[in-house]
Each structure stands twice: as C-alpha cells, then as structure tokens.
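Encoded as structure tokens, here's the structure I'll be asking about.
To keep things simple, chains are lettered A, B, C and D as they appear, and every chain counts its residues starting from 1.
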Amino acid sequence: MCRWLAYSGTPVLLEDVLYKPEHSLIDQSLHSRLGVETTNGDGFGVGWYGQDACTPAIVRDTSPAWNNRNLREIANHVRSGLFFAHVRASTGTAVQQTNSHPFRHGRWMWMHNGAITDYHRLRRDLCLAIDPALFSSIEGSTDSEVMFYLAITFGLDQDAPAAVAQMAGLVERLGAERGVEFPLQMTIAVTDSERLWAFRYSSEGNSRSLFYSSRADTVRALHPDLEFVRELSDETRIVVSEPLRDLPGLWKELPESSYSVVQPGSDVLLPFVPQQPG
Amino acid sequence: MCRWLAYSGTPVLLEDVLYKPEHSLIDQSLHSRLGVETTNGDGFGVGWYGQDACTPAIVRDTSPAWNNRNLREIANHVRSGLFFAHVRASTGTAVQQTNSHPFRHGRWMWMHNGAITDYHRLRRDLCLAIDPALFSSIEGSTDSEVMFYLAITFGLDQDAPAAVAQMAGLVERLGAERGVEFPLQMTIAVTDSERLWAFRYSSEGNSRSLFYSSRADTVRALHPDLEFVRELSDETRIVVSEPLRDLPGLWKELPESSYSVVQPGSDVLLPFVPQQPG
Amino acid sequence: MCRWLAYSGTPVLLEDVLYKPEHSLIDQSLHSRLGVETTNGDGFGVGWYGQDACTPAIVRDTSPAWNNRNLREIANHVRSGLFFAHVRASTGTAVQQTNSHPFRHGRWMWMHNGAITDYHRLRRDLCLAIDPALFSSIEGSTDSEVMFYLAITFGLDQDAPAAVAQMAGLVERLGAERGVEFPLQMTIAVTDSERLWAFRYSSEGNSRSLFYSSRADTVRALHPDLEFVRELSDETRIVVSEPLRDLPGLWKELPESSYSVVQPGSDVLLPFVPQQPG
Amino acid sequence: MCRWLAYSGTPVLLEDVLYKPEHSLIDQSLHSRLGVETTNGDGFGVGWYGQDACTPAIVRDTSPAWNNRNLREIANHVRSGLFFAHVRASTGTAVQQTNSHPFRHGRWMWMHNGAITDYHRLRRDLCLAIDPALFSSIEGSTDSEVMFYLAITFGLDQDAPAAVAQMAGLVERLGAERGVEFPLQMTIAVTDSERLWAFRYSSEGNSRSLFYSSRADTVRALHPDLEFVRELSDETRIVVSEPLRDLPGLWKELPESSYSVVQPGSDVLLPFVPQQPG
C-alpha cells in the first residue's frame, strides 16, 4: 500500500506541506502509522500545476522519498496551488518510474492507495475494457494505472465521479465473476487542474484511511499559533492518507464509501456507489 | 535499436568476452559502428546459466553498460558456458529495468534487436494474442517482451523456430491489416539452457546485422597468436550484432531471413519464413 | 570531459534553451561535436534561481540527460532568468550524484569542463589547501568540486576572478612540483545569483572550446525570423561549450586564457592569468 | 546506523543466508529490531570470494535491499564460502554507491555499523592521517571508508587487530582533543579472504549489538530439524548485527570491547583496546 497527499488552495512552497509538518508525507515514507506497511520506500512521485500551465509537471523516481535530494530541491523551490504527492509501498510489482504515482493524461492527474485483489487474474480483462485508443499509453504494470485509463474510458472528462464509479463497478463485476471475495480497495485522488476529487471505497467496507483538513478559517480559530495556516485562503484543503499533525479539529475522516469534491465555493461530500459501465 | 551478444561453449569469465575484446559489447554501448544509433546507453542486461541451475540469473539495469560498476564486478567473477548480454538504445519507450533485455521465462531466455513498426497501433492486438495465462507476466512496455510471450504462446517449448516464425507471421499479418508497410525488423537470440537459436529477419529484407564466430579450431588455425581462443572447445560460438574484433576469418554474417542453431554436434543454418499461427 | 550551458537574461522556460535548439545541450549529451568524447552520458545536472530565492535549486542525477524524464518535466515547467546545465562524461571517477555538476555553496553555483592532469597525484595537497572549515563539505570525488572549494577558500565571495586565478595558480604550482607537464584544463562557469563569470584556460594554451552568444539585439537584426530571440532582453546571454545552432553571427568564441563577466550593463572580456595564492 | 552479516564456512548459495531465514538481513533492511533505525533502506552491498579469486566481487547499489531484483538474482545463483552483506541507514551522508559497504582494497574487504561522532569536525584530521599514497583511493564521504584506509595505513596487512586498534585510538585521541564526549561507535567486519575479524567497541561502552553463531555441530545437536545447518562444516560461522532466527543456543553476543577471529581451527575471542598509532 502507499501514502498520498493532495493540496488545493493558496499557492505555497511544496516543502511547507511535504517536509515541514511533524508527521509529513516524507516522514510517512519512513514511519507510516496507519498504513498496512510502515515503510513506503518503493518510489515516490510529485505532480504540480504551475501558474500558466494546465498540464501538470510530474517528477517520479524509484528511490525512497526520504533520501531523495532532488525531491527536496524541487520542494524547496517550486510553489503551487494544486499538487499531488505519493510514496509507494509495492506489493510485488516492479519498482520502476512508470509504476510510481501520480499518473497523467492531458491535464488530468491521478493517484491511488489500495489494490485490486488477485490482480493477476483480472488484469487482462480490465486491460481489454480500456478504450483501444488508450491501450498503448500504458507504460507500467500497476493496477492503479489501469484504473486510471478505465476511468478515462468511462468519461472522466465529462463526469469524474460517474467514471470512477463505473471503473469500480467493472472491478467488482469481474472480481465476482472470478470468485474474488473483496475485489477492490481504494483511496483515489484525481484532478483536472481545477477541481479535486477524493474517493474512499472498498468492497469489504473497510477502506484504507483518508482524511481532509478542516477549512482554514476553522483551523485558525482553533489554533491561532499555527503559523502555516495564517496565510492560507479559507478554502485551502489538504487530503491525506493519514494526518500530518495530531491537533484537535484539524482533520476529518472521509466516511466509508464516499467522495469529496474540492472546488471553488462549497466543497461537497457524497456517497460513492460502484456502477456498471453503460 | 540495440546491440547484443550470445555466448555458448567452454565456460569462461564473462569479462573475457564482454570487456576484453577491442570492440567489445561494452565498447559498442558507447561507440557502435553498425547500429542505427552509435550510442546504446539506455540500460543493459546480462543473463547466465550457472553450473547446476537450469534457470538463468538475469541482472538488468537502466544505466549505461559502460559506466556500470556492478556489471564489471559480475563479469570479473562469474564464469559461464552460456550467457547473453544486451545494451539498449530506446526508441522512446521508458528506460526501466523491465524493458531491459534479456527476458526470462522458466529456463528460457530471450533478447532482441529491432522493432515492430508503429508498435502503438499493433500493441493491443498483439497482447490479446498472448496466452491469457501469460498476460499477467508482462512487466514492461517493449515490443520485445510481447514478442517473447507470443513465441511462448505459439509453442517455443516444443519447436522454437516454428514458434518464432508464427510470432513473426502474426506481426506481419496484423501490420498488413493496419497498413504498416514493413512491420517487423528483428534479430533475436533465444535459448532453453541447452540450445541457442539466433534469428535474422525483417519485412523489408534489409535486416539489422548479425554475425557468428567461426569454429574455434578454424580460428586457432588462422590466428595461432589469439590467446583467448586457445582454451575454447571447437564448438564454442559467439553470436553478435556486430563483430568484436576485425580479424579475417573470425566472423561470418548470418544471411538475410535465416536462423542458426548452436547445439552439441553440428550447428545448423536454415532459412527463416514467417508463418501464420495455427 | 563534459558539455555545459549557462543562461542569464530574460526568464524563460528551461526547455526553450535546453531542448528546443537543434543542437541543444541534451542533444550534445548524445552527439557532442567539439568535445573530447562524443557521448556525455555519465550524469547531468541543472541549477536555477527562482524569482525570490537567491539560493539556487540543484537537480542532479547519474543517468544520461537524454533519457531522463524528470529533467524534461522540470525543463517544461520551470522558468528562470539564471540557470546552469551540465552533461557529464566521466574520465573514470564514480558516476554518482555528488560528482554531477553544478555544485552549490550558499548562493554560489559552479560547473566545470576539463580536468586536472594526474589528479590522483595532486588531490591530497589540493584538499589540504581548502579552508579546514569547508573540508567536510566535500561530498564527491571530482577535481571540479575541489576546485570550487579552493576558489571559495581564496575569496570567491570578494573577488571571483582573483579567487579562480589563485585556484589555477595553485594547481599550476603543485603540478610543476610533481612534474606534471600541463596540469590544468578548464572552462568554468560560476555565479553568485547576480553576475556570471565564464573562464577558459589551460596550461598548454589549447583549452576546451567555449562560446558566448551575441547580444540579442544583434541576433535579432541578423536573424529576424528566429522566434526565440524576439522576447529576450538585449543583454540576455548564453555561454556554452559548443554552439546550439549553426547560424552566422550568433556565437563568438571566448579567446584562450580569458574570462568574461555577464552582468547588468556592459559585459566584460578580460585576460585570465593564474596567480599564486597569497 | 546499519545492519550487516558476515559468513565464513561451507560454500552456500547466498540466498540461503541472505533471504531464507525468517528474520534475514533483507528483512532487517525493512524491519530491524535491534537497530537505532528500524529501516535500513539507504543502499546495500554484498561482497563475495569465488573459488579461485582472492579478490572479492563487490556489488553495491543505492536502492533498498528489499526491492532490489539484481541482488536477489545474484543471491539465487552465486555460491560462496566467505561473503559480506550490508544494508545501510544513512545518518545524512549522501546515498551513493561509493558510500555503500563493503569496501575493498586488494584482497581485503571491510564493513561497518556505527559512526564517528561529530565526524565533520574530525574528518579532515583523520584524512590527513591516511597514508598519502592511499588518499586518492577515497571515493565516498563516509567515516567508514576513512576508518578502512586508516586501518590499512596502520598495517592491516601485517596485524589486523593492532591496525584496527590504532585506528580506534586515533579517533579517540582526536575526538578528545576536539571535546567530543564519545567519539567512536563501531562494529566492524574485515577479512583478507582467509580469516575474518569482527570487532565490537564504543567509547561509551554501550556498543551496537553483535552476535556470532554457535558451532554448527552444537546447533545440529540442539536443533536436529534445522535443515540449513545439516550440510555445514562444524566451523561454519555467521556474524551478524542482529540474530536471523530466534532459537535457543543459536547465537552468542560478542562482549563489549572485544573482537573475534574466525579462522581454520579454533576461533578466538579477545578484548579490544584502542591503541595510539606508533
């Protein structure tokens, strides 16, 4: 399994979010508390949108995040208002750049924690369900990348939650056909450069943890001494596999089988139900 | 494109073949003379059979062969009577360990120089033709790995030349269906730990170069001062993308559209003709 | 030996300079024309100053520049008005991140092409001449890094040309004492985030090539169709080991034993003479 | 800190020792129990002597041992009667191949767990004490490599324990001069291809753990069901930072401030006392 973080809000130096918090994502690469594995040292990735570009930059490597100097250099110098970061714990698949998250397609960016159970038995049929025009874009061997291309196939560009629901529905159906008891375990972040969707779901109803930060104005009221939050817009949000700091009122858990939309104006929290692809 | 070398015969230190000749494969990684690219710096691999093991060891990396210290250490200390080595020049696909040659399946080992033209247009159909039970073994994104699994699907274990011919036949047919003028360009080495097959073929009848060494007794007669050959059995053979030394009588070119079998007793040289899979 | 590029002027996307020119630095990593080696595939580095930071970001790796995807991502998304890039051809020293250029110390950045002859015989004495307080900052095993710390020791911060001259003087003197015929071969770029110095010198008076671009207004007058130059300030300069494009009037060679200063207002071109450290 | 293992005895496949035990060194790279750090993911190395070679092969990398496929390939195919393996947890120094253990000089091999306290303050003086003829062999930036060259300087080739004692004595003296309270913390393995010395020492008398296996005949008597031990000569020994299996009678702790010699005939256990270099 893995740990990830998605940030949306006031542009900040990446290091303020990735390195400075006491239980930062970089720290989680070495000492995860809530993950299935305590160590997430099988590669990492960071993706960010710049000021003018609507295509994200994606830097991924196979080394552990905690000792990667280039990641620190980038984090110390790059400022962004929308970025993803991911530290990987492989469950056996190759440790290679193309298996590190986030994945990109046009202006879209995607990352995942979890797994498709018995993936080797479902992989071929899942690949066949991908739009043939996209098939050749597959570069790695993870379930996560295939899930991304399935979501694109099912209309991510038109209706992101529906596309992810159909991807999940397909996994559930194929899994059931093959006798896989709990086919899907996932927390997913996906963005089109403007909105950010975060999904939490598992077949067994016991999903990997996922938290989102409270509104910055709420946090400021609770913790007036917390320097980092002072400059942030009220709508700034961080979504994380596990909390970066242990402070009351800072984090809320995303409920089982639900998804949230981080967007200009009010955010949204809705139930997530897999659907059969049309 | 790439450069490769296959050795079969008297067990030797890998360095005697990989590093010591004046225009060795390691030198070819930096200064190829006959290749499409002069530099083959996008990863390398070496695979060897030990004394008792019939499964080969395979060490592959993404760095250039010429500066890889671990390759030199292994070559300086490992002795083998059957080994493959490959230096890669990517034509765009990711530089990752799983895209480096040789590939392995059970006791089989495979490496390739060449390309399937417009591979992105044929990739999906080629993948679909792979035995579903093997599909999940695909780890990289090269045409070479898919060609290997197709050959296994078509019975490599029973009749290697027929299986490779069917693989080539499928590529030709799918290419023709998609309007690809010259779909296949290949030199391939494959072994089952006992015999070594080397294939040279291209749709356009203008294949990448491939050479095999003369019998060691012939070489000894011609070049009595050539130290390395003195200890080799008469049947020892080296098959290479380009000659390791410029000495008369040392190398013979494999003819267009042909394959050779290096095996105990007389070697064989036969025409290669793609076939339609049954 | 190596190839390098230093840019100072109107902020641009790094890719406009590093990738887009026909004979770009990335192309030179694979096909250098004027270098001692045609291939510069033993690591690379890029360093840039951001808008507010006076400390540069430095991203370095051991892979070839031509196949490094992270370098391309950064180049596609980072904009800077002062940056260095370097592709390395090792002459035997380890291929490791700490041997890739540029090097950094505080706000200073340094890169080098060339070598100290018989460095293994001079290394210890050169290291001893480094300010003891800096000795522990040495992380790699190159002559280039030691030359940098010597220049800092000799007052780079106060008078950069004098400090580099004393570094060169020390190498010349120690080389002469050890009977090394031509101890030093160097082209060096160094910056403090505001000014950029470029040095060309060798003991034998036959230095590696070094070129600087003509003033942008001159280039625009000569080549009104050259799109890239249109947006650049007149004072924008590029200093390179070898020209990026073959166009008349675009590049001037830095004379033997000279250095130039790229700075606000008029640039300066002066003779370079090694000096004995005080 | 780090974890290491040294094996001397009946030639075995490296995997039998490095991978198969339940709490193997590879497992310790991910889940160390007795180490200062639970994760040792900042590179690894393995060094082995072959049948005829008295110079060891050394394969080192910067990736974690647990996910390195080349290490597993080598371990599955290489058989040796004397080998070292090391997994590294950097305390800040660069993660680079030349900082991974073991280190080699001629037929000698060396690895270390521990640290010189405030090394940045002692590094220069320690480097100056190295035989000038060896100075240029330094490739990395670790204290461990410098300790090795000091031991060579002090006559490792003539009297290994005395040379290591003088190295430790120098560190103690320089540390005391600089006001470092407890300058040295070390467990060291060193071999000349025939004998194996293991040292355990720290200035504060609270050294990192070090264990050696009981004689194979004793282990067989205690655990007749333990398959691996059946084929081993009585004198086969494993020295480890932490036990590979939790079985009574299998491991003995090396006492504080002592060293052992594994050699043909009786092994030796002696007190270790730092000495001033002559």
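Everything below uses one rule, namely that a residue touches a chain if its C-beta (ideal position, glycine included) is under 8 Å from a C-beta of that chain, and two chains touch if they have at least 3 such contacts.
Please read these numbers as outputs of a predicted model, since none were measured by experiment.
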So which chains count as neighbours of both chain B and chain C? A, D
Overlay chain B and chain D by their C-alpha atoms and let me know the rotation angle in degrees, rounded to the nearest 5. 180
Are the interface residues of chain C and chain D largely the same numbers on each copy, more than half shared, or largely different? same
Take the average of all CA coordinates in chain A, do the same for chain B, and state the distance between these two points in whole angstrom. 40
Two or more other chains touching the same residue: where does that happen in chain D? 69, 94, 97
Residue numbers of chain B touching chain C in their complex, please. 30-31, 38-39, 41-42, 62-64, 66-67, 69, 90, 94-95
Can you list the chain A residues touching chain B in their complex? 93-94, 96-98, 119-121, 123-124, 127-128, 132, 135-136, 138-141
Chain C partner contacts - residues on chain A that touch it in the complex: 48, 50, 53, 57-61, 69-70, 73-74, 76-78, 97
